[in-house]
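Presented sequentially are two complexes of chain A, the first with chain B as partner and the second with chain C.
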Partner chain A sequence: MPRAASSSTATVWAILRKECRSEWRTRYGLNAAVLFAVTSLTAVTFAAGRMPDRPDLLSALLWITLLFAALSSMSHSFVREMESRTLLLMRLVASPTEIALGKLLFNLLFLVIVEVVTVPLFLLLTGAPPLRMAQFLLILGLGTLSLAASSTLVGAVIAQTRSRGALFAGVSLPLLLPVLASGVSGTRAQWDGMPVDGDARLLAAYAVALFGVSLLLYDHLWED
Partner chain B sequence: MIWRILIFLWIATTMVVALLGAPLVPVLQETTRVLYFHVPSAWIASVALGWSMLNSILYLVRRDLRHDDQAAAAAELGLVFCIVATVTGSIWAKSMWGSWWNWDPRETSIFFVLLIYGAYLALRGSIEGEEKRARLSAVYSIVAFVAAVPLVFIVPRIYSSLHPDPIINSTGKVDMDPMITACFLSMLVGFTFLFIWLQSLRVRVFRLERRLAA
Partner chain C sequence: MTAAPAVRVGGSKLTHRYGRRATGVSELEFEFGSPGAVAVTGPNGSGKSTLLRILAGLLRPTAGSTTVSVDGRDHRPADRRDVLGFVTPELSFYEEFTATENLVFAAEARGLEAPAHAASAALARVGLGTRAGDRVAVYSSGMKQRLRLAFALLHEPPVLLLDEPGSHLDEAGREAVRDVVSQQSARGLVLLATNDPEEIQLAARRLELHGHGLGDPA
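So, the complex of A and B:
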């Protein structure tokens, strides 16, 4: 059993490395996501201006920007497999759960990179008030986990449908609205000097629930 | 046929008794009566969506398309009852809170549930092939239910809500006037049978559609 566990960890790791490598070769997914995030950020800050005294608006705009940047690109790791017809080969060497876990880690990494670019830029351009770093990172991190867990599962489902691109946002967004809602409310509480634990608990519960149920369902994603 | 008439008579009788005979709750006044429609719809919506998830799990285990029919029909009906609960709730909110829609945590969470199951139906519509549609929809339906449960049961307990279970039901037990309780439970039974009947109809339509296509 420990042997099997370690070999499947190795497989997940190998898939993560393969994802990173193939993304690095083209970089079109990452470029598109970062470009999208920065462009929508520009649109938002240009349209709304600097608002150092409106943490309510700031937290809403921050999460909407992040969510849309994620939605514009998160499905591509599965869609790419479908388009290049490489999924079958992957399934020969790895179990569905291993593939999905590898992709989940990749999506997580991807999101973190997008956030590393977007969030500081957002704070800078909007002239946001100083952060309470621990609380802010807690909310952001938990939100990112839920975002990655749900878009990996939905991405895998959507990649097998007819209208992949159009449907992904429509089908993921409803599942992510709770993340948006408590992310916004937690970020605002962080700026207002209020406790964030209620929102953090909800985000954590949501992330755990989504991830747990994904683990059970990954095996049913592909079957021919 | 006889079932249909019985359900109709049952709900109609309860409605008359509830509107004419049952007393009112102090704070809620005349709006007490929305209880007989709003809560049973919300209840049936939960039951239907739970039934949809149960059948989705059964489908993934047994690979029997009849479970997929059940799951899809229950999700559609759950959505319909959810809409009824939302609309009756909104009408009630207009008279009690003064606005149709206020983004109270209850309103927010039921709205999210509506969108999630709307997405389920959109997803179903875009997958070709019965087996594949059944399998992927089952996966999504399970995720949807897991996402909806915290929304409906946890959110109103973390964020402060104005939703009146504390007024009618402050101690956590059912603690209402016996006449109200009787009408309410009778309406619950009526709605439950209404759901069972509609569900059986919808499943039959799915089965006939499949036979026609084959």
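So, the complex of A and C:
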């Protein structure tokens, strides 16, 4: 059977498209993530009102909302493959690294969609002060990359364990704390008119380190 | 018409244990060449499926090594998915997708040039052509088994590993298995893990695993 050139890229692309189609069919994660974001933002706004003069609270609230909205769904990326026993199918058509890269791209796309819904809603409901758009997008983008890389790595590592759900929270927390801290700090700095370079550098370095470690680990993850 | 590839599949001092539990895969020495079919037999729990998983590169043996070579080129365990098709009861499909969508995904991930054509040819070969557009969720056990066979044939691999291929199949399905084994035996190598006397008859050679069955606790 003839093969197309550059088959690794084709494989990653095929996995990304499969993930998108599966999510579209089942709405497994997106509905839960958006519902969480909308509900939590609405509840906080009802309780605390608009708070344009509290960038410290706003930046924490934004990242907590994004983090939990995303984690409630992204943790299932590999777990679902295990529970529906389809990971074997994946392993028979792709290398572990290709599988993980496809899922990483899907998690990135998923986060971007969640953010497209959540961030404007957040700004509207909380009455946040005007954004310094370039700095805000830089921090948001790098934070998103780190968030996707860490949740993909943890999802892949815990996929074959018995207490997957409980482990995801426990293993993710130490990996996600630096992302959360830098994200909150950078977002606050852009509202305070301060430079965001330090936080951006930290987020970028963290994303690169996570990605590098992931590439080293993925090929050994599912060896029985 | 291209010549059939020369395939060799072998194992040297191949041993696998699950913790302290031994299997029939113990100090195994074997080598089989194409064309033809080999029946891997032995009692339940003797390690037939384990052996196929090791050959497929899905399981690392406790000791020893395996070789899979096609036209003189050795394939490392991690790269064997390109040259072999694997049917096993453990293989499941995405139930929210149709049979065609599952196979098109597999063909795209394998980097095949015409995924839709490969999927439809494989489905037709196992008699699922008319139900190709149904979601896998509504498939019966027998239809899922046929789909596993189609999945293994998708990229026309020179090596076919079949673990209990006739399970859940009706007579027409078993006939499809016989056809596949017969055609594949002529153009490559088939390893058939089974205890079904009819399926054993499909193979001219045999590899008997001598475990005690249901796992040797020793």
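Throughout what follows, the second predicted complex is superposed on the first by the 219 of 224 C-alpha atoms of A that agree within 3 Å, B and C clash if a C-alpha of one lies under 4 Å from a C-alpha of the other, contacts with A are read in each partner's own complex, and residues count from 1 in each chain.
The working rule: a residue touches a chain if its C-beta (ideal position, glycine included) is under 8 Å from a C-beta of that chain, and two chains touch if they have at least 3 such contacts.
These numbers come from a predicted model, not from an experiment.
In this superposed model built on chain A, chain B and chain C occupy separate space and fit side by side. After overlaying the two complexes on the shared chain, residue contacts for A:Ile113 are found with neither chain B nor chain C. Once the two complexes are laid over each other on the shared chain, residue contacts for A:Val157 go to chain B alone; chain C is not touched.
When both complexes are overlaid on chain A, the residue A:Lys18 reaches chain C alone and has no touch with chain B. Using the contact criterion defined above for the overlaid structures, shared-chain residue A:Ala94 touches chain C, although it does not reach chain B. In the superposition on chain A, A:Thr26 makes contact with chain C only, not with chain B.
Of the two partner chains placed by the overlay, only chain B lies in contact with A:Leu167; chain C stays clear of it. Legend: residue contacts after superposition of the two complexes on their common chain; A:Ala48 is shown touching neither chain B nor chain C. For the three-chain overlay built from the shared chain A, the minimum Cα spacing from chain B to chain C equals 7 Å. The contact surfaces that chain B and chain C form on chain A in the two complexes overlap at residues 223.
Interface residues of chain B facing chain A in the complex, by the touch rule stated above, are 60, 108-109, 112, 115-116, 118-119, 122-123, 126-128, 132, 135-136, 138-140, 142-144, 146-147, 149-151, 154-155, 158-159. On the chain A side of its complex with chain C, the touching residues are 1-4, 6-7, 10-11, 13-15, 17-18, 21-22, 25-26, 84-86, 88-95, 98, 219, 223-224.
The part of chain C that touches chain A in the complex is made up of residues 53, 56, 58-60, 78, 81, 86, 88, 90-97, 101-102, 105-106, 108-114, 118, 151, 154-156. The touching residues of chain A, when paired with chain B in their complex, are 150, 153-154, 157-158, 160-163, 167, 170-171, 173-175, 177-178, 181, 185, 198-199, 201-202, 205-206, 209-210, 213-214, 217, 220-221, 223.
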